[in-house]
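First chain written, first letter: the chains are A, B, C and D, and each begins at residue 1.
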Amino acid sequence: MIGSLLSNAGVWMPLAWLFVLVVTWAIVYYIRSRGEARYHKDTEQVRPFLAGHPETSKAAMHVRASNEYWGFMEALKGYYHPLIKGHTGNLNDYICWFICILAIVLVLVISVGV
Amino acid sequence: MPSEKAIKMNRIIKAIWVFNWFNSCGFTELIPVVGSRWDMERFGMIITPTPRHADVLFIAGYQTWKSLERAKRVYEQMAEPRVVLGLGACTMSGGMYWDSYNTVKRLSDYLPVTMYIPGCPPRPEAVFEACVKIFQHVKELK
Amino acid sequence: MASKEEVFLEKVSSKFEVEGKIQRERRIWLSTDKVNLIPLCTWLKGEGFIHLSALSVTDWLEEGKYEVTYHLWSYEDRILVTVKTKIDRENPVIDSVVSLWDANAQAHEREMHELFGIKFEGNPNLTPLFLENWEGPPPFRKDFNWREYVKEKYYHKDDDTERVYYD
Amino acid sequence: MFILRFVVAPIIAILGAIFVGLIIMGIDRILAARMQSRVGPPLRQPFWDVKKLMIKENIIPENAISWLFNAAPVICLAVVSTILLYLPLAGFSPILAAHGDLIVVVYLLILPALAKVIGGFASGSPFASVGAQREMVMMMSYEFPLAIIAVSVAWLLSKVHPSLDAFSLQAIATHPVWGLVKGPLGIVGLILLLVSLLVVTPGELSVIPFDLPDAPTEIVGGVLAEYSGRNYALFYLASAVKLVVLPSLLIAIFFPYGISGLFNVGAAAAGVIDVVFFLVKLFVILFFSVTCVHVLAARLKIDQLVNTYFMAMTAVSLVGLVLIVLDAAI
């Protein structure tokens, strides 16, 4: 089959999927077109819903992405904390990390290789 | 031929989604309506978190000037075939706060209230009957 | 032996000329004048009175005075000190304690400003707390007749359903 | 033949999935109500909900990026229904059998959640962007056990039948995993995999304990806070179709058995029996992994959710994988 991505354990034909996607997209677009499209443009209706409060300023409403990974960092504290501590920032720490790991890899390669 | 608004309203009655703007006694009134004894979900009514999804705006309890301004903004943000229900005597005439300096006396001076439900607080049956009544008399609605 | 309230009272009256009174166990009333209110409060905060639980105002109409009371609570020795100061009623001005108990005092002072019209100097944001866009006089003053105010502002004499309020 | 497979089949698939999904949603709401000793809505309630949503105004907020805001629900529903074509439904081989396998399904499962994230960020409200951020973190955490399950099942199949194409869902369906495992170790391993997939399902469907992205009470509807009218109806339909897609994936892997063999009836009758049995299996899985869960449990915090998926469920499925490998080794 042309355009088919074959590996010895998997197969996927993106063209088939795209074609089917276009068909389903057409159906969904038809379903959507049955719905009501009108709304009161640029009245009070289009202001963001902030539990009734007026929108003070666009910048104040922006949620910074920095707290996005809070959930992740909080859950994996045990893993992230030592890692952050490890990044001391001065160069020779990093170099000694580099050398130790290099040594370990060499030992493994030699012991396995020979 | 019933007007387009009437057709739309008849569709709404089967799945009324409610946004509740409850101060004071309102919320204690919502609990039996949602609870297992009167269960408003058997009529397809559910509570929605945003006015965007809602059709009926329940306003219960007295409104101060500060909360009225927010209530107006919430009413504006609802999607069109929308209905406002004033629950309780406080929305009709200020209720027991009739001579307070900070409460709104009659809600329909500030918001297009479709129907008032008397009672302080109104019983759940009155709330359901009001929802049914709105949509039966939808043709006379302006 | 002297209870901790008396000990505390000696310490205060030695430092500031303030007339104290032990109202009952763990309750002390201190009344001082406007000038050394802030030094007294700063000293009290240093002593462990870190919690401003309430700020209330009593309106003495006959004397023409507002009595501003600060209810301070200390967690260590569990005593409630009520500092009272009398200020003039016509143009009530007092120093703000926001510098000592910042956000906590901020809300109390905004409310007292809104309800009694007291001007707290040094309070950055005295915007109304509950009575947004309020035109009438401060409603908690004793000489504010709110029945008249409501009749004139909300109800119309000619409206038949509301005529009953007027006779 | 081409037209039948690539045009007619998707249309039937999407309409059938929407129909079955909405019915299952209705049953789910009735059962949830009965568990709370409430009467619960009539069965056709979801259909009326969608019909009502179709007549409501479709508000596009001013802060929103309008084309993205409108495209997100369309993508979400379209992509979810394409997944159905790769799954062996009711014993029949997947419609696009030769064009996609288990790995494609696992990847396609990301797209609806991605469409919700795009919709959330595009709607410009702080609630929606917090919801979208939560959705991303949730996606990251439940993908891990899902991938482990896919890999371990495929490995088992390739170990026992090296000639077969390990990842093709058709092969997995015709050779049920329970038969491929020799000793009790393998059975326990498979049970652990089943448990972790059962726990991932409510996360994927964002059902109560895991419905952080659109938590009604905390972030006011979350990702769907600014949607209304027909856009919201499309998201509603997408969640209905997902109600069909997820359990049918689970059925394809763990319970692909059919009972039409017991009665020696004509091919058509056997087909009908298979479809009915498939729907019963679908419903039973949904009852345990969705209805019971969202009635009994309360919503988790985001870091608890990451803990359950990223740590607990990954560990469970890894142990399952190790047990299967040990079983095959002995």
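Throughout what follows, a contact is a pair of C-beta atoms (placed from the backbone, for glycine too) under 8 Å apart; a residue touches a chain by one contact, two chains touch by 3 or more.
Owing to the predicted nature of the structure, the values given are computational and were not obtained by experimental measurement.
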item	value
More contacts between chains, A-B or A-D	A-D
Taking each chain's C-alpha mean as its centre, the one farthest from chain D	C
Chain centre separation in whole Å, for chain D relative to chain A (CA means)	20
Separation of mean Cα positions, chain C and chain B [Å, integer]	39
Chain A-chain C separation of Cα centroids, rounded to whole Å	54
Chain C: positions in contact with at least two other chains	none
Multi-partner residues of chain A (at least 2 other chains)	36, 38-40, 45, 47, 49, 51
For chain B, residues contacting two or more additional chains	50, 52, 69, 77, 79-80
Overall pattern in which the protein chains touch one another (line/ring/star/complete/other)	other
Interchain pairs in contact, sorted by label	A-B, A-D, B-C, B-D
Interfacial residue positions of chain B with respect to chain A in the complex	50-52, 69-71, 73-74, 76-80
Contact set on chain B toward chain C in their complex	64-66, 69, 94, 99-102, 105
Of all residues in chain C, those that touch chain B in their complex	130-134, 136, 139, 146-147, 149-151, 153-155, 165
Chain D-touching residues of chain B, taken from the complex the two chains share	7-8, 11-12, 14-15, 17, 35-36, 39, 41-44, 47-50, 52-53, 55, 77, 79-81
Contact set on chain D toward chain B in their complex	29, 33, 36-42, 45, 48-49, 51-52, 55-59, 216-217, 220-221, 224-229, 232
